[in-house]
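The following pair of complexes shares a single chain, subunit A, combined with subunit B in the former and subunit C in the latter.
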Partner chain A sequence: MADIRSKIADIYSLEQLSLKKSWVHDRHPLVKLASTFLFIILVVSFDRYELARLAPFIFYPVILMALSETPWPIVLKRFALTLPFCLFAGISNVIFERKTAFILMGLNISVGVVSLFSIVFRAFLCVTAVLLLIAVTPMSRITAQLRRLHLPDIFVTLFEMLYRYIAVLLGEASTMYTAYMLRSTEFKGLQMRHMGSFAGQLLIRSYDRAERVYNAMKCRGYDSFAARGKKKRLSAADYLYLAATCLPLIALRIIDVRAAYSIVF
Partner chain B sequence: MIEIKNISVTYPDGTSAISDISLAIGDGESAALIGANGAGKTTLLLSIVGVLPAERGLISVDGIELGKKSLSEVRRRVGMVFQDPDDQLFMPLIYDDVAFGPRNLGLSEEAVEKRVDAALSSLGIAHLRDRSSLRLSGGEKRIAAIATVLAMEPTMMIFDEPTAFLDPKARRNLINLLRRLPHGKLIATHDLSFAEEVCPRAILLKNGRIFADGRTGELIRDDRLMDECGVEALR
Partner chain C sequence: MHMADALLSPAVGGVMCAASAAAVVYSAAKTKKDELGEKKLPLMAVTGAFVFAAQMINFTIPGTGSSGHIGGGILLCAMLGAHPALLSLAAVLIIQCLFFADGGLLALGCNIFNMGVIPCLLVYPLIFKPIVKKGLNYRRITIATIVSVVIGLQLGAFGVVLETLASGITELPFGTFVALMQPIHLAIGLVEGVVMSAILCFVYKMRPEILESSLASAPIKSGVSVKKTVIVLAAATLIVGGALSLIASSNPDGLEWAMEKTAGTAELEASGGVFDRAAAIQGSTAFLPDYSFSNSGEESSPVGTTVSGIVGGVMTFALAGIAGFLISLSKKKKRDKKAQ
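What follows is the complex of A and B.
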């Protein structure tokens, strides 16, 4: 817990990448939002036992990562955090759906196992797509674009605040925890009987802090309505990006690629 | 310039934090606001930028009277540096923190970048541009917080205990830096030698009222005066 500050910095390290320069970074946030959105819709739209037709979608994150020079470990580490949740979601399928889907090297692969893999793979694709969006577009531009798309302002502001608030909350918690440990004699960590007042204090403190941060923001002209920013027009390169991402994705959804597999293999 | 006439501020719980304060800070003038803890320094600064509403009196900046309509104009002209830099640095990168204000002004991204680079390099911290504030030292954070305000290109700057949490070297660095800034300044502090080095004028605050106003060098060596304000005089 002592190095929680650097852990907090880790949370935002992905966004730190968003300041790099690359062809992908330079694209208008609108086209990046659009292609991410489309990608997720398409991936989710396949039926739950699909794997073969989903496989080629991996090219989207792989190519984007290469173009934007996003390091794999950063993204994989974050996906690993969500892995328990998708395993949890898929494991019941393994238990309940035992019908054999196909036989691989003498092993009966059940429908449930296929759907587990499909869930995990799908989650991997979607999480990676969102992480990549954050890694190649500064958060402030993503939210400004969401506002321009007339998403209700309250949602965007709430999202921004939550995003910032994680660091505030963790920072306060670490300060309080350190102070607590220095005064506690037993060195056994936070005790149950102090938990309530600790949590209460944390809430009050982080509320105070949030208020001061908000004041500091207002002093520098923050006004959620003005945060829309100036409109930037789409360039030819932006349209190219949109076409180069969306058209192949749509094609992959319409065309049954399993036919292509049987030609290759 | 900042002009304050007969303002009073009472907190919602009934605490009267400052009462009937009048003062003026001219363009390019540097004044220290000296007082013990709870004297009302922070409250006075926050009321100047309209964060805390004054229940009576007038505040005007460069001739513009603080009011609902002029709020954003006043805040653009008066930059406030908060006591805790962590309150001011909340973006993932120093660049974004400094760009936050200019972006709110609706400037183009190119103009924003120009302002950020100008602010950072005038304070000698251009190398911190793409760093995260979570990994900076106290002194670096303090200066980065000043940069966030400088990028708004204010005419006046107000500081709340800028030497708090600084080690001697960072403090010295800050003194040199503040002396170079051409803006009119009002600096709340109880660090008297700092006040003397940066501000020719000092305003003593006690229980929310102005107790004395004069030359810093004389005031801070007046044992009786300082004692009454609850601050230890400088020898």
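What follows is the complex of A and C.
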């Protein structure tokens, strides 16, 4: 709890990556959104036992990560946080599906084990795809694109403001927590019976602050419903990106790579 | 409570995305029409950020990692009104999905529905509001909050069960899954409800006008909005229900299959006790009958192709790793050259 400030840095670490320069970063947000969605839909459209056919999809995150120079630790750390529920569902498959899928070096590998691996692997693919999208596309360009896709303006503005307010609010919480700890030296952390008033106080303070921020924005001529990004046309490079990501993915979905495996290996 | 892409089929994910998108667009239109809509925007943003921040500062139920979204939803409703609250909560869920990989992109529809639409458009108008209708006081606020949070969480958890089973990724029987999810969320709901009611009572003590104005704003003016909400929800439920049953019937791995396996029949009429007992019997007998070796005549793939599949998969990973490494290497070289 004391390290709220480090958490703030952690929240925005992914966004900082998006300010880098690379060929992938420069692409139009629309093509990146489209390829991410296509990737996820294709990955989850496979049957749950299709581990072998899913394997080649690893190329998408690996190559994009390398091209955009996104460091793996950030992505892996966040993936680890999402694991528990997937493991829970996967392990229940191991318990309930005991039919043998194949025998490997004298060991019976059950269908459930295959599906466990498949669930974890597809979770990995989906998580990295989404995090990659954010790591290579600045927030402002994503929201501008969402506006152009005719998402309700009020919702997109809310989304932007909410995202920025998180840091403000956590800063406020950190100040309050320090003050609380200085006043109550005999306790280690926040007392349960103070939780309601602590959180309530934080809420009211933020509420007031939000009003002040809003007034300040208005004074400077902010008009939320008019703020639209400049229209940017798709360039040849954008079409190239779209083709280079989507065509191989679709091909991998249609062609059964297992046949290729048995020919090559 | 956040559902992941990996446990979802595209059909279920798509249907739920459509339903949630409709609810969000409807709420956005509703909020914009409201005279105070634009002025409320910063308040919506900051309360949404509060729900998010509350989670960050370990304001979670210890041990379960429940993020307090449903409770947060009820809190937002009480402070902002139902439609702005849904927008705020949806924005929080999208941020969590994009920046923290908490809940998948395709699963967003499910998550917004379970944690946003259910508490904001269903539980709040149908349970919270009638309780506090006669006027606000601490007792009514406490009761209304706890009851709505508990019911909201139960419905949300049940939504997770239905959506997961309809996707057919997990093999967990319906009875076991429900028996696992509902009691856990009952406990979480109670704790969350108590904390949320404490916060709301504090807000009411300090700033009664915040709660009063949100309660007074939307429905009392016309009474139409509640009716419309119910119609929209009924339509959404019909669409979703219809689509889900279609998926379930066309996909033997889905909901129907799970029910057939647990209860021995595909009919929904099975009562709880019988259901549970059947699940228990199934659980105790499933170990042996299903346990068979590869020569049981099943269509399992021949060992030859499987091994080549594994080798192929490993080689694919290795190739991908090498490709990534080479690209990074060349990038680094380029950068070094530039630096010189």
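Operating definition for what follows: the second predicted complex is superposed on the first by the 233 of 265 C-alpha atoms of A that agree within 3 Å, B and C clash if a C-alpha of one lies under 4 Å from a C-alpha of the other, contacts with A are read in each partner's own complex, and residues count from 1 in each chain.
To be clear about the criterion, a contact is a pair of C-beta atoms (placed from the backbone, for glycine too) under 8 Å apart; a residue touches a chain by one contact, two chains touch by 3 or more.
Computed from a predicted structure; not experimentally measured.
Undergrad: Using the superposition on chain A described above, determine whether A:Arg209 touches subunit B (first), subunit C (second), both, or neither.
TA: both
Undergrad: State whether A:Glu97 touches subunit B only (first), subunit C only (second), both chains, or neither.
TA: In the superposition, A:Glu97 touches subunit C alone.
Undergrad: Touching A:Gly196 in the superposition: subunit B (first), subunit C (second), both, neither?
TA: second
Undergrad: Any idea whether subunit B or subunit C touches more of subunit A?
TA: C
Undergrad: Touch test for A:Glu15: subunit B only (first), subunit C only (second), both, or neither?
TA: both
Undergrad: Regarding the shared-chain residue A:Ser140, is it in contact with subunit B (first), subunit C (second), both, or neither?
TA: Once the two structures are laid over each other on A, A:Ser140 reaches subunit B alone.
Undergrad: First (subunit B), second (subunit C), both or neither: which does A:Phe79 touch?
TA: In the superposition, A:Phe79 touches subunit C alone.
Undergrad: For A:Gly221, decide between first (touching subunit B), second (touching subunit C), both and neither.
TA: The answer is first: A:Gly221 touches subunit B but not subunit C.
Undergrad: With the two structures laid over each other on chain A, which partner does A:Leu170 touch: subunit B (first), subunit C (second), both, or neither?
TA: A:Leu170 sits against subunit C, while subunit B stays out of touch.
Undergrad: Using the superposition on A, tell me which residues of subunit A are in contact with subunit B and, in the other complex, with subunit C.
TA: 15, 164, 168, 209, 213, 217
Undergrad: For the complex, give me every residue of subunit A touching subunit B.
TA: Residues 5-6, 8-9, 12-13, 15-16, 19, 138-140, 164, 167-168, 171, 209, 212-213, 215-223, 226-227, 229-230, 232 of subunit A touch subunit B in their complex.
Undergrad: In the complex, go through subunit A and note every residue touching subunit C.
TA: 1, 4, 7, 11, 14-15, 36-37, 40-41, 43-45, 48, 51-52, 55-56, 58-59, 62-63, 65-67, 69, 78-79, 81-82, 84-86, 89-90, 92-93, 96-104, 108, 112, 115, 119-120, 122-123, 126-127, 129-131, 133-134, 152, 154-155, 157-159, 161-166, 168-170, 173, 177, 195-197, 199-204, 206-207, 209-211, 213-214, 217, 224-225, 257-258, 260-262, 264-265
Undergrad: Mind pulling up the subunit B residues that touch subunit A in the complex?
TA: 46, 49, 51, 72, 75-76, 79-80, 82, 84, 86-88, 90-93, 95-96, 99-101, 103-106, 108-109, 130, 132, 134-135, 148-149, 152
Undergrad: Residue numbers of subunit C touching subunit A in their complex, please.
TA: Going by the criterion above, the answer is residues 2-10, 13, 24-25, 28-29, 31-32, 37-39, 41-50, 52-54, 56-59, 65, 79, 87-88, 90-92, 94-95, 97-102, 104-106, 164, 168-173, 195, 197-203, 206-207, 210, 286-287, 290-294, 296, 298, 300-301, 303-313, 315-317, 319-321, 323-328, 331.
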